[in-house]
Amino acid sequence: MLLDYSSSFHYVLALLPELVLTIWGMGVLLAGVSRKQGHGPGQETGWLALAGLALAAVANGWLYFGVSEDGAAAMIAVDRFRLFANWVFILGAGFSIVISLPYVARQRLQAGEYYSLILFAAVGMMFMAAARDLMIIFLGLELMSIGVYALAGFNRRDRRSAEAGLKYFLLGAFASGFLLFGIALLYGATGGTNVHAVAASIADGSAAGALLMPGVALLAIGFAFKVAAVPFHMWTPDVYEGAPTPVTAFMAAAVKTAAFVAFLRVFLVGLEGLHAEWSTILWWISAVTMVAGNVVALVQSSVKRMLAYSSIAHGGYLLVALVAANDTATSGMLFYLLVYTIMTIGAFAVVVTVGNQSEANARIEDYGGFGWRKPVLGVFMTVLLLSLAGFPGTAGFIAKYHLLLGAAESSLWVLAVILVLTTVVSYWYYLRVAWYMWMKEAPEGADSADPAITPFATHLVLVVSVAVILLAGVFPGAALDLAAGSLEGLRGLAAEAGAAAGH
Amino acid sequence: MYGDWILHALIWLPLAGTVHVLVSSAERAKNVAFRWSAFVFVLSLGLWWAYEPGDGGFALESSASWIEAWGVGYSLGIDGISVFMVLLTTFTSAIAILGSFEYVRTRRKAFYALMLLLEMGVVGFFLATDIFLFYVFFELTLVPMYFIVGIWGGERRIYAAVKFFLYTAVGSLLMLVAILYVYFASGTGSFGYDAFVNAGLSLREQLWLFAAFALAFGIKVPVFPLHTWLPDAHVEAPTPGSVILASVLLKMGTYGFLRFLLPFFPDAARHPVVVAVMLALGVIGIIYAAWVAAVQPDAKKLVAYTSVAHMGFVVIGVFALTLNGLQGGMVVMISHGISTGALFLLLGMMYERRHTRLIGDFGGIGRAAPWFATAFVITALASIGLPGTSGFVGEFLALLGTFETHMVVAAIAATGVIFAAYYMLPMVQRVLFNELDRPENRTFADLSRREMAILGPLVALMIWIGVHPTPFLERMEPSVQAVLERVEDARADAGHTLGGED
Amino acid sequence: MLIPALYLSVALFVIGTLGVIVRRNAIIIFLCIELQLNAVNLAFVALSRYTGIEGQLYVFFVMTVAAAEAAVGLAIIISIFRHYETVDVDKFNLLKW
Amino acid sequence: MITARPESVLAGSGAVSPPAAEWEPILPGLIVLLPLLGFVLNGILALRSARYSSAALREGRDWDPFAGPRPPATHRLPTWIGPGVMALAFALALVNFLGMMAADPHDPVVRSYWGWIVTGDLRIDAAIQLDRLSMIMTLVVTGVGFLIHVFSVGYMGRDPGYPRYFAYLNLFVFFMLVLVLGSGFGTMFVGWEGVGLCSYLLIGYWFSDREKSDAGKKAFIVNRIGDVGFLLAMFLLFQGFGTLDFVPIFAGAEDHFAAGGVTITAITLLLMLGAAGKSAQLPLHIWLPDAMAGPTPVSALIHAATMVTAGVYMVARSSVLYALAPTSQAVVAGIGVLTALVAATIALQQYDIKKVLAYSTVSQLGFMFLAAGVGAFTAAIFHLVTHAFFKALLFLGAGAVIHAMHDAAHHGDGHLDEQDMRNMGGLRRYMPVTCAVMWIATLAIAGIWPFAGFFSKDEIIWYAAAWAGAESNPFGRLYAVYWGLALLTALITAFYMTRLMVMTFHGANRTGKTASSRLHEAPSVMTVPLVVLAVLSVFGGWINVPDALGESFAGLWGALPMSEWLHHWLEPVTHTAAGIQVAGMGEAAHAAPVGGGEAVWALVSTLAAAVMVAAAVRFTSTRRYVRAAEDPGPQGGLRRFVYNKWYFDEVYDAVVVRPVVAGSRWCWKAVDTVVIDGFVNFTGNFARLAGWATSLFQTGQVNMYAFVLTLGVLVVLGATVFL
């Protein structure tokens, strides 16, 4: 159907996934509270939350395939770009919840709050993806962030978790101040916060010069913080390491995706006219991020922290797509985010399993001989690592290749070379996990009699993610078409919407 | 008929074998793997007849769309160059698997699964006529090899495995960027072979892209000074790993020269500076590697360095840009695959018996194990290119071809023939000859039936190719000629391209 | 009027930033962040005189967000206080390198 | 340089088409194949017997195949197979030779069996060429080879590796026949390297002995140096002619190359490098004396009669090419005469009987190259043939001596070097037949009329003189010097050979009391070949008695048959070269440089040689030799210098071997390990170091993080605003 916002019900429809999740999240919260603390593992709550995500997915699917908007540049976009991103969020949140099920139970966390926070954070991400207005992005970002701050510090018994929560909170709030200032300056420069209006204003030259570029810069910084780009990444390793592992997975996958999606819409739609100006900055940030993320990951002794740096590096790769700013790169970014979400959560699922649903065994030495003790899990982890490394046969390769294709199309040869060379660096630390798993013996004193127990739920995530990774690695056609098709309406709207916003 | 399905079968049957190995018991794994590889080899033998050397283009071509959005196709084809590489691969894979029965005693299922996976990757690489597909297979071979070296290797296996992996990856990823460049430059939106051949690149572009491709393949070959991963990988790898590495994986580099480098960038390949550099590296490789090989205490390392020397002959043969040189390069590739593979098998047998690879730990083995010694001597002679063995035909043609265009280079390279004797004979002497002064060598067991079954075909091939190489030469000639013509045709119209460029 | 207001806003923002960098007490740091947000609020209000009413509207959004942040933030600070008996951020460095 | 390629040659480079069949050879391929068959059969037996011995070894005992009443089949059959195939091959060769004589064909007959290396415009056939030259060589190889095989039955009969020995020996003959019968340089090269291989295997036949296998290795590597020259020459030839076949190359050479041109000179010099390697000429002669480590019949066959003469054969075969390159000829002759002289001087001071013979071989080979260098290709081949007879005889005789000494040493007291002539003396009493035949050979090599060596060597010296006096020879004076040196060498030859004979067979016995009782004459299976060779050494020279001598006393006033028979026989092979030479520098002077007729010179030289023999007898027999163990070796600068072989080995060791080995180590330890791998590892370590350094910012302090973040903000803002 066509949403023309002639009736206010259309607004409800346009926000259907978000509304479903919001309401469901409250329900989960209530369900959690209504249970007496300490009774049962609280897994039902998790499954309940998953049901909500499923419902949201259905709603999202309906919007994706059955609905179009009339082209007005409303605050909330009903375009495939947003809805594709929503799927990634739902997937990320869903996977995170599934791998959380045994973890939450084992760590005796308050299930209701935990799962509802994930749902709320997902709602925030959805708003970020949907937003055509900088303020909505800000609100979505804060909604997401506040939920994730709480999740990062969720394990109150663990001082590392608390430390992670505090650091994330303080620095996140600090950075959102910059983002907000950027929004304010852009608002002052262009007289609006709608990205299409901003674009139009820049296009017709009416944007005030003095405020414009600092605004753009601050906006970029705000997003760069969320995508953990160097040098705004300092929080990432600490928070990723300290947060409960499933939360780390959620952060690495979904939060990053949300930030990138918003980043992309603002910069490629709203600030398209200033591409020449901001692309240089992002070029350098991207290059530095790729180099620093990969290089520092080399010296990590904790797998979790290594994955944190690796996620920084992946952020760098994704920034290449922003710099390239063509359709190939953009759809490549969407595809990458989808794949990245799956493989990262998969990898963290193994990490959480090796840690026996706790924060133990995170050192690389703890993976010694792991593959031979748990061959299936070992193979899964190997595939996921290869995919993270971007190795042919896996979706990670197709994704990285897609980014390179985009970079090549814009003739960003130096950046492409940096990308591939840092990829080589990344091989080392990904392979290091593999070599500990397969080529080393178990560490001294490791209780080989008590191998990591893989709960059914975790297995489910792993099987699905590995299957998807391999399938999309070998037959990426459908997923690529989906990603490419999701660009529809993202930018084409800019011209008309600019005209629309003009009056 | 046969031609319709064989290429696909050669790629996917080893994968089926991998699955079969994984679901069978550890005890049966080796037999299952060997049967699959033998089956694949027998199937592949039909290519000898199925491939008809016509104009040298691809035969048995089949193409399906794979990733339509990017113009990537699942395109396979075979010509006079790849047919031998495929046969070599299926052959040595079966031999290597048979040769690993005693050597690999732990984690067999995983080992044989990886071996078959490796075979699939290599065969796929040689059959791919789509650049994307080729790249995928090119990289895919790294993973099984990484694990084969890393898990079943010796003391410094991890260092060697990672070195191998990273070294290769540096080159191949840079090549990926170059591939993308050609892809966009060709403007056809296709990764098909023809699109790349006809990309219409300027000389300047070609030089850069040539460098990227040459780096990737040069590391794989390996060309001096990119060779230092090889000795480590060879020394640490288990016997079958070394065999596959030497016989097949190195050929991926030289095959890349022939298949991709020359046809894609003919102007660069002909550029005097490029030719000079490549020839110089080839010659340095021949002599330098021979020298270094000669002073190695570790037999496996010695043979590893000889690979570098042999590959040097291929490099000069290829970049001499003459028919004889290219043909010689091809024969050296085949011959080296057989003889060096056999040498590694022999060294593996030595290691199985004595658990050492140090040349100094042997001596007088010829008395204790005459069959072993006979096989060793024949293989060593084939390796140093004695007439009547496969090694001679290749080196002779490569040198002759080089001589036609670059006399001095060929003259220097020809001294490699001396240095081949300089590294190989002392090893033969110190292992097989001299006094049998160590008691533990007195009980050095002679070849078993299985080992004879492994070495027999290899030795027979060495002599067959040495005595009657014509069936090989005539099959590869049209394709090699086509490569050469591609380079020379570009020369014909390079006049105005170059002139009109700047 | 706009320019001085913006300068003031920038100044407040910078003060907040400096506070975040130099202060050790988590609560103070948080307050400095609030100062930054309020600096932005000032900018919004000032700008809204020229661009329309939305700016003033945004201030309310920001204030709401700040309040929500305060709730979560203080909860986190309490949580960590339970472990360390202090809110000095220098002490919280289990996670590093 | 060659730019164009005449059509006629191109046509000839295709499938070799035999010329109008003047003569049909009978199963010529079988001549080559028979020894190969012998190799295969003996090889199987060898591997079978080796299984027994290695099984015994594993059980900790030695396997003695001769322990039982009769040796096992593996050690009986080779006796028939080895010499048997040789006899058949010789018979077949003889039949074909006689057929050829009867038909008297002018053109060579080429039989192609299959295309060996066929690609592009290169076509090397597996083909044999039967012509006058190759048939002579085939006869020598199979004939002398057969005799040596028979001798080996006696000499090696008690060796545990008996079948292996015959396998190698048969294989050698096979490759040697490929070498001489090959129809082109490509095919020849197969034999060329193949005989090198067999030489390697046979020198190191007793491979458990380190010195012996070292010697084999040395032979192979030095030979390979020469082979590179051969290879490069082939490349040049191919570039010029587009083929490597003899027929088109020699037919077209004159049209292709200007006489004395750079290319032809390079080709011939490179070929000479190959020949120097194979035929142990300066500076590559060092391997041959070491090669004496092999069994003595091997030395006779490979290192005296056949393989080492391959270089001479090849030069003679390429006579057309050499004729076109006078410079190369001067070099060939110079190398030849210098080698002859140097080796002869060294032979003067050696005590090892085989070493003396080895240096004598080197020296005689030098004569052959001198002959080739002065354009007397027929003389070179002539000397090759006679040398094959008397040098094989000398070696086999030495073998018989060693055989006897070996048995004696077995029973003697303490260690006894069975090859050291200081431990011999007076053996004539124990081994009269051997002594007699060896004296015949000695007189032959010394050039005493009417033994074979007289005619062949005299012809060489005479041609050297004649060449020096050729009208327009640019190197006339040089050749005069060569002539002088050759004459000197011939005299030295007579001296050292006589010294050998006297030390070995005459005077008092120094073997030791207990040992000497075991000295004995060789069995008849060994003496019969000796006698046959002795007959050949006497009469072998009569196949080419110069016309000029024919009518004088030296030719028994015309009674000697076959006057200049070889010369006429080889005419079709050499006439092109001769024509070129005559065209180039005019007729050779038919007179010695110092006047006098040919017959006079023959008389003079015989007399001179006889004087030297007498002098040596006198000098040697008056000297009192002590046993090797008690002898400190020669004293005095010059004698030590000569005794130590002019220090060639030491110089090469210092100038070539050590630098190469040191360079190899340097390449490995310095370049490979430190520079290249150092760089590789440095890259990796640098990345990790950088990672570590960067991670130092990650202090865990919130303030620090905020500070870095703010710095980033300032940088980005600054970049935006100011760029």
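Per-chain numbering from 1; labels A, B, C and D assigned in written order.
Operating definition for what follows: a contact is a pair of C-beta atoms (placed from the backbone, for glycine too) under 8 Å apart; a residue touches a chain by one contact, two chains touch by 3 or more.
Owing to the predicted nature of the structure, the values given are computational and were not obtained by experimental measurement.
A.B. asks: Could you tell me which chain lies farthest from chain B when each chain's centre is the average position of its Cα atoms?
C.D. replies: Greatest centre separation from chain B goes to chain C.
A.B. asks: Report the most central chain, judged by the distance from each chain's C-alpha mean to the global C-alpha mean.
C.D. replies: Answer by centroid distance: B.
A.B. asks: Based only on mean CA positions, could you tell me how far chain A sits from chain D in angstrom?
C.D. replies: Computed from C-alpha means, the inter-chain centre distance equals 79 Å.
A.B. asks: Would you kindly tell me how far, in whole Å, the mean C-alpha position of chain C lies from that of chain B?
C.D. replies: 64
A.B. asks: Distance from the CA centroid of chain A to that of chain B, rounded to the nearest Å?
C.D. replies: 43
A.B. asks: So, what's the distance in Å between the C-alpha centres of chain D and chain C?
C.D. replies: 96
A.B. asks: Of all the residues in chain A, which ones touch at least 2 other chains?
C.D. replies: If we look for residues of chain A contacting two or more partner chains, we find 166-167, 170, 174, 237-238, 428.
A.B. asks: Could you list the positions in chain B whose residues touch two or more of the other chains?
C.D. replies: 166
A.B. asks: Which positions in chain C are in touch with at least two other chains?
C.D. replies: Counting only residues that touch two or more other chains, chain C contributes 17, 20, 26, 29, 89, 92-96.
A.B. asks: Can you name every chain pair that touches?
C.D. replies: Every pair of chains meeting the touch criterion: A-B, A-C, A-D, B-D, C-D.
A.B. asks: Can you tell me which positions in chain D touch chain B when the two form their complex?
C.D. replies: Chain D residues touching chain B: 46-47, 50-51, 53-54, 57-58, 60, 114-122, 126, 189-190, 192-194, 197, 200, 204, 207-210, 213-214, 216-217, 220-221, 224-225, 227-228, 231-232, 234-236, 238-239, 660-661, 663-665, 667-668, 671-672, 676-677, 680, 684.
A.B. asks: Write out the stretch or stretches of chain C touching chain A in their complex.
C.D. replies: Residues 6, 9, 13, 16-17, 20, 26, 29-30, 33, 36-37, 39-40, 43-44, 47, 50-52, 54-55, 58, 61-62, 65, 68-69, 72-73, 75-77, 79-80, 82-84, 89, 92-96 of chain C touch chain A in their complex.
A.B. asks: Over in the complex, which chain D residues touch chain A? Could you list them?
C.D. replies: 684, 687-688, 690-692, 694-695, 697-698, 700, 702, 704-706, 708-709, 711-713, 715-717, 719-721, 723
A.B. asks: For the complex, which residues does chain D have touching chain C?
C.D. replies: Chain D residues touching chain C: 695-696, 698-703, 706-707, 710.
A.B. asks: For chain A, which residues are in contact with chain C within the complex?
C.D. replies: These residues of chain A touch chain C: 135, 138-139, 142, 146, 149-150, 153, 156, 159-160, 162-167, 169-170, 173-174, 177, 180-181, 183-185, 187-188, 191-193, 237-239, 241-242.
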